[in-house]
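Letters are used for the chains, namely A, B, C and D, taken in the order the chains are written, and counting of residues starts over at 1 for each.
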Amino acid sequence: MRQRDTKGVSPASDDGLLLKLELCSDPKLLCVVRGALERLTEVFGFSPPDRRSVTRAVDEALTNIMRHAYNGRTDQPIEVYCRRVRPRVSESADGFEILLCDQGPAVDPSKLRGRRLDEIKPGGLGLHFIRQSMDAVEYQREGNTNQFRLVKYLQPSTQSRSS
Amino acid sequence: MRQRDTKGVSPASDDGLLLKLELCSDPKLLCVVRGALERLTEVFGFSPPDRRSVTRAVDEALTNIMRHAYNGRTDQPIEVYCRRVRPRVSESADGFEILLCDQGPAVDPSKLRGRRLDEIKPGGLGLHFIRQSMDAVEYQREGNTNQFRLVKYLQPSTQSRSS
Amino acid sequence: MQISARHTDNTTIFDVTGDIDLANSPEVRKALLREVREKRTPRVVMNLSKVRYIDSSGVASLVEGLKASRDVNSRFILFGLSPSAREVLQLSRLLKIFEVYDNEDQALSS
Amino acid sequence: MQISARHTDNTTIFDVTGDIDLANSPEVRKALLREVREKRTPRVVMNLSKVRYIDSSGVASLVEGLKASRDVNSRFILFGLSPSAREVLQLSRLLKIFEVYDNEDQALSS
């Protein structure tokens, strides 16, 4: 339990980790993750709107992994790490970091963009929701793993909210 | 992700695993696990009373680990595996298995007993709740790990409910 | 998620219970498009008062319903939006595109 | 979990919001024992209508409140039990030991 694993992410109780979830890529499990995140963000100290924002961002990021990284296959592995991070220089309070890991093919970062919002059409909203909800959103390829890193600070700076 | 780990429990998507949770032994996280279990038991197909029973049993088992295995220390590791198990001969439907793992000292199984219920006094209720809620409850020591295994079947036999 | 329909006059009311997400938004989409395109119901009303959460795929299903109803010149109405459902339409800049009411009475007398 | 108190006549009503579990049952216990033992309030009423879940440590706190109130000859009353709270008292064989009412009116007129 206490050793660092190959992904450089340490298990429960080291290094600010609050919760780790492992699930398969079945959309039926999305509500389970939301159920955990709604409570965890409350325990962490977020306001009700911020709890909904973080839960929504994680839900949409998982949806994207299921649809795009795994092409709808429901039996593929997903890991979700939730941890407390120290404030950045520009932030006054702790942050809540979610790291989502999948084993799908590498993502072309230039494809990670939502559509323009001035059309009325279905789809292309997920990344908008994620970026609008979080203070930091990053994608990284580590070995065979796609890592999406989402961070929200307890008292987000006004500048990071205007995205 | 796909190899069996040292505890003989396989990670997400192998072997019926629905969800794995890793958390530290902080009572503040109990509500997070309940949030996940309430939804997971619903997805699994349990009736509302059975969802509450399973969620309660897991919550009480975690509470016992935090209090007795870890003596109230809040930074110790706990793992929770939720998996689908095939019906036993005596059962007609699939079962929901929860395996709770902690790294506390080995438990003397003779101490795993609740108090008599005919007194009015606080404490000593957790194991009763767990046994009354589940169809199977087992304790096992595996290496340095305590494993509590709880199972509930989708259509529990009447005999197993009368405990 | 459960979806069931009530029919009155020229109107169908869909009562939805539970979250709308990737696991069930195709079902919502199907029910909506059947009602709007095939049955040509003049007014389709979504009762969302028992829906706590709608994800982007759920929003997409609602947008498809709206577009289909525009195609056939019928009405498509939402009511009973939770805080989260309201937020998600706001984030999509769709809150002003949909006909949204607070409750069933207002939706039906509109 | 939040706990706050309302005082009327000889009665204190505790309004509890959120689950009662190991993380906060000591807080409930402390509030109850202060009210019963130190303040000697003749009637202490727990409003549990906003409590969805009570664990065994929460039940233990309620039992302590009940025992303390028996010691000083005061009354200790519960109302607004959720299905889960009711089940947990039933499993503990305590449902008949406590004074339990459906709502505040019944609890106060008892």
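Methods note: a residue touches a chain if its C-beta (ideal position, glycine included) is under 8 Å from a C-beta of that chain, and two chains touch if they have at least 3 such contacts.
Since the structure is predicted, the reported quantities are computational estimates derived from the model, not experimental observations.
Shared contact partners of subunit A and subunit C: not a single chain qualifies.
The chain with its C-alpha centre at the largest distance from the centre of subunit B is C. Distance between subunit C and subunit D, defined via averaged C-alpha coordinates, is recorded as 42 Å. Separating the centre of subunit B from that of subunit C, both taken as means of CA atoms, is a distance of 40 Å. Each chain gets a centre from the mean of its Cα atoms; for subunit B and subunit D, those two points are 28 Å apart. Along subunit B, residues 28, 31, 34 each make contact with two or more other chains. Looking at subunit D, no residue sits in touch with two or more other chains. All chain pairs that touch, listed by label, are A-B, A-C, B-D. Within the complex formed with subunit D, the subunit B residues making contact are 27-28, 30-31, 34, 48-49, 52-53, 55-56, 59-60, 63, 66-67, 117-118, 120-123, 125-126, 128-129, 132-133. The part of subunit C that touches subunit A in the complex is made up of residues 19, 21-23, 53, 55-57, 59-61, 63-64, 66-67, 83-84, 87-88, 91-94, 97.
The touching residues of subunit A, counted against subunit B in their complex, run 1-2, 11-13, 17-25, 28-29, 31-36, 38-40, 42-43, 75-79, 103.
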